[in-house]
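Reading through the structure tokens given below for one structure.
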Amino acid sequence: MNGFYLDVAHMLAGGMVLVSFMLLYQDRMFALLNVFALHAIVLSASVAWQAFIQHAPHLYVPAAIALVLKGIIIPVALHRVVIRLGIHREIETVVGIGPTLLLGVALVALSMVVMLKAAETADPLAREDLAFALSILLLGLLMMVTRRNAVSQIVGFMSIENGLILAATAARGMPLVVEISVAFSVLVAFIVIGVFLFRIRERFDSVDLQALDEFRGERR
Amino acid sequence: MVLILGLIAQGVQMMLVLVLAPLLLGYTRKLRAHLLRRRGPPILQPYRDLLRLIRKEVVLAENASWLFRSGPYMIFAATWVAAALIPTFATRLQFSWTADLIAITALIGSSRFFLALVGMDVGTSFGGIGSSREMMFASLAEPAMMMIVFTLALLAGSTELSVVAEFMQTNASLRVSLGLALIALIIVALAENARIPVDNPATHLELTMVHEAMMLEYSGRHLAVLELASALKLLLYLSLIACIFIPWGMAPAGSGPAAYGTGLASYLAKIGVGGFLLVVFETSIAKMRVFRVPDFLGIALMLGLLGMLLLFVSRSF
Amino acid sequence: MNGFLAQFTFEPLTAVLIIPAATAGLLALLPSYWAAARLNVLATFLTLIAAVSLLFSRPPAGGYLFVDDLNNVFIVLTTFVAFTTSVFSASYIGHELEIGRLTPLHLRFYHAMYQTLMFAMNLGLTANNIGLMWVAIELATLTTVLMVGIYRTHEALEAAWKYFILGSVGIALALFGTILVYMAARPVIGEGADAMVWTTLIDNASSFSPELLNIAFVFLLLGYGTKVGLAPLHAWLPDAHAEGPTPISAVLSGLLLNVALYALLRFKMLLAVNPGALAPGPLMITLGLLSLIFAAFMLYRRRDIKRMFAYSSIEHMGIIVFAFGMGGPLANFAGLLHMVMHSLTKSAIFFAVGHIAQAKGTQKIAEMGGLTETNPVLGWGLVLGVVAIAGLPPLGIFMSEFLVVTSTFARQPALAILLVFGLLVGFGALFLRLNSIAFGEPRGASAEATASYVPMFAHLALVFAAGIYLPPQLVIWFQNVAKLLG
Amino acid sequence: MPLVIALSCVAALIGTACLGVAISRTRGAGAIIYGLCLLTSLVALAAALTQLMGGTSVPAAVTLPLGLPWLGANFRLDMLAAFFLVVVNLGAAAASLYAIGYGRHEEAPERVLPFYPAFLAGMNLVLLADDAFSFLVSWEFMSLSSWALVMAHHRVRDNVHAGYVYLVMASFGTLALLLTYGLLAGSDGSYAFAAIRADHASAETAAVVLFLVLIGAGSKAGLVPLHVWLPLAHPAAPSHVSALMSGVMTKVAVYGFIRIVFDLSGPPAWWWSVPVLLLSGATAVMGMLSAVLQGDLKKLLAYSTIENVGIVFVGLGLALAFKANAMPAAAAVAMTAALFHVLNHSIFKSLLFFGSGAVLTATGQRDMEHLGGLIHRMPLTAFTFLVGCMAISALPPLNGFVSEWLTFQAILLSPEVPSWGIKLIVPAVGAMLALSAALAAACFVKAFGVTFLGRPRSTMAAEAQEVDRWSLAAMFIFASLCLLIGIIPGPVIDTLAPVVNALVAEHMPVQAADPWLSIVPIAESRSSYNGLLVFAFITVSTLAAVEIIHRFASRAVRRGPAWDCGFPDPSPATQYTAGSFAQPIRRVFGEVVFLARERVDMPPPGDLRAARLTVTLRDLVWDVIYAPVGGAIWFAAEHLSHLQFLTIRKYLSLVFALLVFLLFFLMLAMLVWS
């Protein structure tokens, strides 16, 4: 019984890591957004499963948020932004995709070793989820660091968030999870970024951060 | 009584150096002339010169200041005091402890200081050249002198000339340091007295003058006082060499007139020999270019330092 | 939820939170700039009174809020600087309105955000729940992001964007750290809200899993360290300071950095209690020194006066973190004192800089000169401020630097030498620039500044007084805190 | 009681500073402020003198509830502090008196009046402080207020630069002292001097302490190679402040050195004197060589301050050597020499700066190439300046000679020291000292000769007016002190006895017992000097010579144009200038020490172009030490500055890298532990 719950939870969390890798692998903007939607959906499933096995009905809220907001609304919105702004459909990378993936594998290994070693006392489910969450977090960061486009950086950031919500739900009985997920995902990821994207659009022709970076405060 | 005798002896010494100084000048000039196969002026000529100068009117430059007029007397006084404090015929005179060798050096320095200043007072280029070069020589000669003082002081354990002289009388031995000090002292003496090869006391060629250049604007009694001061300085250095390196014959402290008599005789003899050697040296060497002088004085400085170092080190054996 | 509400029956503590929150709403509705600025001052003043009264009647620790010696220092400091800044802001922002850099609508937004920021910071400081603390700091960050971008120039938006992205990543890291702390606490304390209550955590921290705590601290250090502005996480700080309105620069440097630092200190205390955990000291020392030396070098090439002082904030945060990293009663005391002094001094400097920039019509150092000649009060105020921030006596920062350096040199000579090196390099840069700003032939426009000098000189007077005399009560208080910090 | 008075004086000075802020722009403010400073300094001087002359051996101590809370501000007035208080307040009183007149010409009184009393207060406080914190606060406060005074004339570009270099060097020194006290106090933070004195530092600690003190106090005092700020900053301030900075503040630095090395850091090791002696010898020579080559009168004086600091430190180094080798009598001579020179230098250097200030007021010039002939227009200033020049050139019978003579006597005692290193170093230091003394004479012949003698080189110099009475009064008081101390040094040495006794546990023989007021360092058979008799002899023989010659000589005096070998040139430009006066010395020493190069641009015959002689001097200390350090900092700043311009992604990469590094580190740590 317990084994089964655990296996499913394990599978879903592991699935997220896998999807994170898929995110890293994408080189087309729309594909990226689609994969991100998948990421959110898997997160949603995972959180819902946790709600189920922890008998914590309030956790269904973050699951729903993840599904609706990040699985549907944000990808669609970004999709339209990309079209409307005429943003390049290709993702510019700093490091080639192959090396990035290799790096990602190393990061996952690192987080596994660190987490599994550290959380020996925690229950196995939480432990593995934490390890996966850390992996997702690091992969998200890696994505932000190795992609030049603003959209992919936003996606990277949101995948970090997904990881965090996974960790928060895996931490059994953690208070404020709902609040945190609401505050975090809704407020941070969309509104403000949206506002800024809009303003940046107003001022500049591109949300490509490199173009933005041309306007340095102090360049001679 | 003892005090009065002491005061008399001290007074005699003061007067002695004053009287003797022009004589030494006349003597060296005469000797020099002889060595150069000339007849030369009479030995007493310096006295006559001084008297004649004193009687002449003073021609002052228009912009000469009070310093210019009072300078010669201060120069003279400082030199005279220094000369009078060097034991000549007797050690440990009444006021011999007033100033030790360092102070005597500094007194000579005072007179040089004023001489250089008055050289600049009128604002002529020759005066400036003299002052400037004189101070450059001094900047090397004075440390050399200090090194000599140090060497002697380390040897005798005192900077008091009387004590040094007594030490040399009793503990004389040939020491490398002493030899070095002697050579250094001779070099310094030549430089300080503006003798060949550093300067030519007889020159009146403008660009080679150093000592004379500073006195160029002086005339009459002022010049007389300055000339006398120069003569005193020469005597001073000869006395100094005599007192330190050939101290024999000097009367010890508190001895009677007889001892003073022999002391005086031996002193005169030493000065005579010293003057002779000086002249011989001077006639056998040519004057240097101005910027060779620092090397010459540098040798003195090095010798002095070497002598002192040797002593510092040998003290521990 | 009930517990949360129950907290609000305690008077001063409630007031500290309620007043800003309520005023924020009010200000959002108030159209008149004049009234808004005054209401702003009034509200911050009332908050200050409430904060000071916390010193005398301290409520017992609740599940969500609590006050102890440590956060009381921060609360009083925050509310005080918030009050003086609001006074400064009233005269500063009016000028911005006159020259048309801001519209009345912007100002309404600005004032509301100001109070929201105060609320967020006070909440972060009084929170007894590490989750609540995280939420509050997050809120504070977001409000400042909006305020930094308020001028909507290229540079301002860029600065806000940079601040936002880096801040968000920091926030994410901090949240992960918070979750990990909860994970570490759960086996000991049990599930539920208790495992996030700080007072409970500190009581039981000795039996937490040290490995988890270690990882948590790494994340928290990076997360909150971003807010503190530690190098190399500092990148948002100079631009945010330089491009936002000056009152916000003052609040950022003087307060927000402290709030993040406070969070860091709380977690440091958790680690310090646990015997198996990594000593947090060396990590903080390293980052502190790195920030100090890095910022000191960065000071040299700055052309923008506000950006320069922003780097100086990084430098001082480095010193403070270094001091807390060293630990021990002397260094902790010094760190605390340094933090207070730095807040007061740096905000005073920003007050001066704000008026200077308005008088000169620019923030470029090259276009200012001879200020002591053209605007003597501002010029000398700036000189005094820089003298203070550079750690010269008889001003307060000297005392804390004295304690940090001497106590470090006796324990870790090599570290002290690095510290001294950084201080000296920074010193050289500050005075190099000060010389050209305050002295020499006057340069640039020489408009009369219509300024309220009271806040600036009030701060400097306090710093001066502290450099000479510290009241014994304050000392005992700080010493208690130093003991708390271990 | 004297301590309380001294502290009240400090409080009064601080009050005066506040008053200065308030009234500095009103008319007559200068007279009020300087008058108050004068009164306060005189009271403090009296208090210090009572302590020094008749004070008990148990020093008074007071703790005020200021400063570090658990420590309080400790103040204590022992003999050493009392002596330096005398030096400081004597200089301060004279400077204030001088400034009552001089300050009227100040263009920006509001930049001077508030800081001047504060500066005095700072110096007094350093001497009274009895714990590390109070000491450093006062020390840095002193630097800060003097910095403000240096910046008084901030529109002159060089002054701003001078102020910058000064403050950075001062801060460098203070940080070194901070580390010193950190070491001495130990990790428990016992900062009170009493506590530091009580537990002796270990040998290694003491070695580091010595090194740091040499940096800390040495940079303030102007030891080579930490002296670079001094010739920039001292001349930049108004002249009465220059006098205080050169004459007095450097002495406070000496005090700091003595306090820490002789009092706080326990018994010295034998080698401590080695670095001190080497540095001081180099300082004396370098300072004087630079001074000789200066054309700016105040800069020349500032460089000569460096030389004199060198002389003081030679004395201190010797005292250290003797103390470490258990030769208290010799140590007493060396220490007395050093302290005596401290007093003397404070007097004649202040006097000389007053004189230069008078010249500056009268002509608006500091550059000697535009001066000349001032002895006619300003005879009184010229006279006092001459006395100062003689004193600083160590000419008997003035005071400068006495202290140099004592220093030489101390050097002559050093062969008794058993250590080889010192044996070899001391003669060299002696030679350097002698060299610097001789150069000093050349330097001040030049300073006086070019400034006051000859013909005026500019219209300003030709139309100069004698300065006001206040300034003259201050100068005459100090000139007479130069003479007075020079001819009766015995009482001064006796007054110094308790100070010296406290530092090296021995003092020089009581000089009052010697006949004829002469001074005898060890024994009469070794050496003695009698300033009074030398003075009497010189006076008597001068008078006698004048009398006799005037009796016999012709009284006729004719004024005429200068002779000048028959080629008098009416243009004052043909005089020897400051540059030409120094040329021989530059050729002898400058080519090595300053890499001096002369380039002659001589047009070919027929070309009517003027010939040019350009001389380039390099300050090697600056070029070898400061310029590279400055360059390195600038280089680092330049390159680090790129970090301001990275993209957000790159900043994120930094965060990411740090995170991964720390996690990796944790992983390693965990693997190693388990």
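Brief remarks follow.
Here the chain labels run A, B, C and D in written order, and each chain numbers its own residues starting at 1.
In the analysis below, a contact is a pair of C-beta atoms (placed from the backbone, for glycine too) under 8 Å apart; a residue touches a chain by one contact, two chains touch by 3 or more.
Not measured: the values here are computed from a predicted model.
Distance from chain D peaks, on a Cα-centroid basis, for A.
The central chain of the assembly on a C-alpha centroid basis is D.
We define each chain's centre as the mean of its Cα atoms; on that basis chain A and chain D are separated by 68 Å. The distance from the centre of chain B to the centre of chain C, with each centre set as the mean of the Cα atoms, comes to 78 Å.
Chain centres here are Cα averages; for chain A and chain C they lie 31 Å apart. Our note on geometry: chain A versus chain B, Cα centroid distance of 99 Å, whole angstroms.
Contacts with at least two other chains are made by residues 644, 648, 652, 655, 659, 663, 666, 670 of chain D.
Under the contact definition stated at the top, the residues of chain A that touch 2 or more other chains are 114, 117-118, 141, 144, 153, 213, 218. Chain C has residues 161, 165, 169, 173, 211, 214-215 in contact with two or more other chains. Those chain pairs judged to touch are A-C, A-D, B-D, C-D. Considering their complex, residues 161-162, 165-166, 169-170, 173, 211, 214-215, 218-219, 221-222, 226, 232-233, 235-236, 238, 278, 283, 294, 297-301, 328, 330, 370, 372-373, 387, 390, 392-394, 398-399, 401-403, 405-411, 413, 416-417, 420, 423-425, 427-429, 431-432, 435-436, 439-441, 467-470, 472, 475 of chain C touch chain D. The residues of chain A lying in touch with chain D in their complex are 94, 107, 110-111, 113-114, 117-118, 138, 141-142, 144-145, 147-148, 153, 209-210, 213, 216, 218-219. Listing the residues of chain D that touch chain A in their complex gives 644-645, 647-649, 652-653, 655-656, 659-660, 663-664, 666-667, 670-671, 674. Those residues of chain D lying in contact with chain B across their complex are 372-373, 375-376, 379, 382, 386, 390, 393-396, 401, 405, 408-409, 411-412, 414-415, 418, 420, 423-424, 426-428, 430-431, 433-435, 437-439, 441-442, 444-446, 448-450, 453-455, 518, 524-530, 533-534, 537-539, 541-542, 545-546, 549-550, 552-554, 556-565, 568-569, 572, 574-576, 580-585, 587-588. Put simply, chain C touches chain A in their complex at residues 129, 131-132, 134-135, 138, 142, 145, 149, 152, 154-155, 157-161, 164-165, 168-169, 171-173, 175-176, 179-180, 182-183, 186-187, 190-193, 195-196, 209, 211-212, 214-215, 239, 242-243, 302-304, 307.
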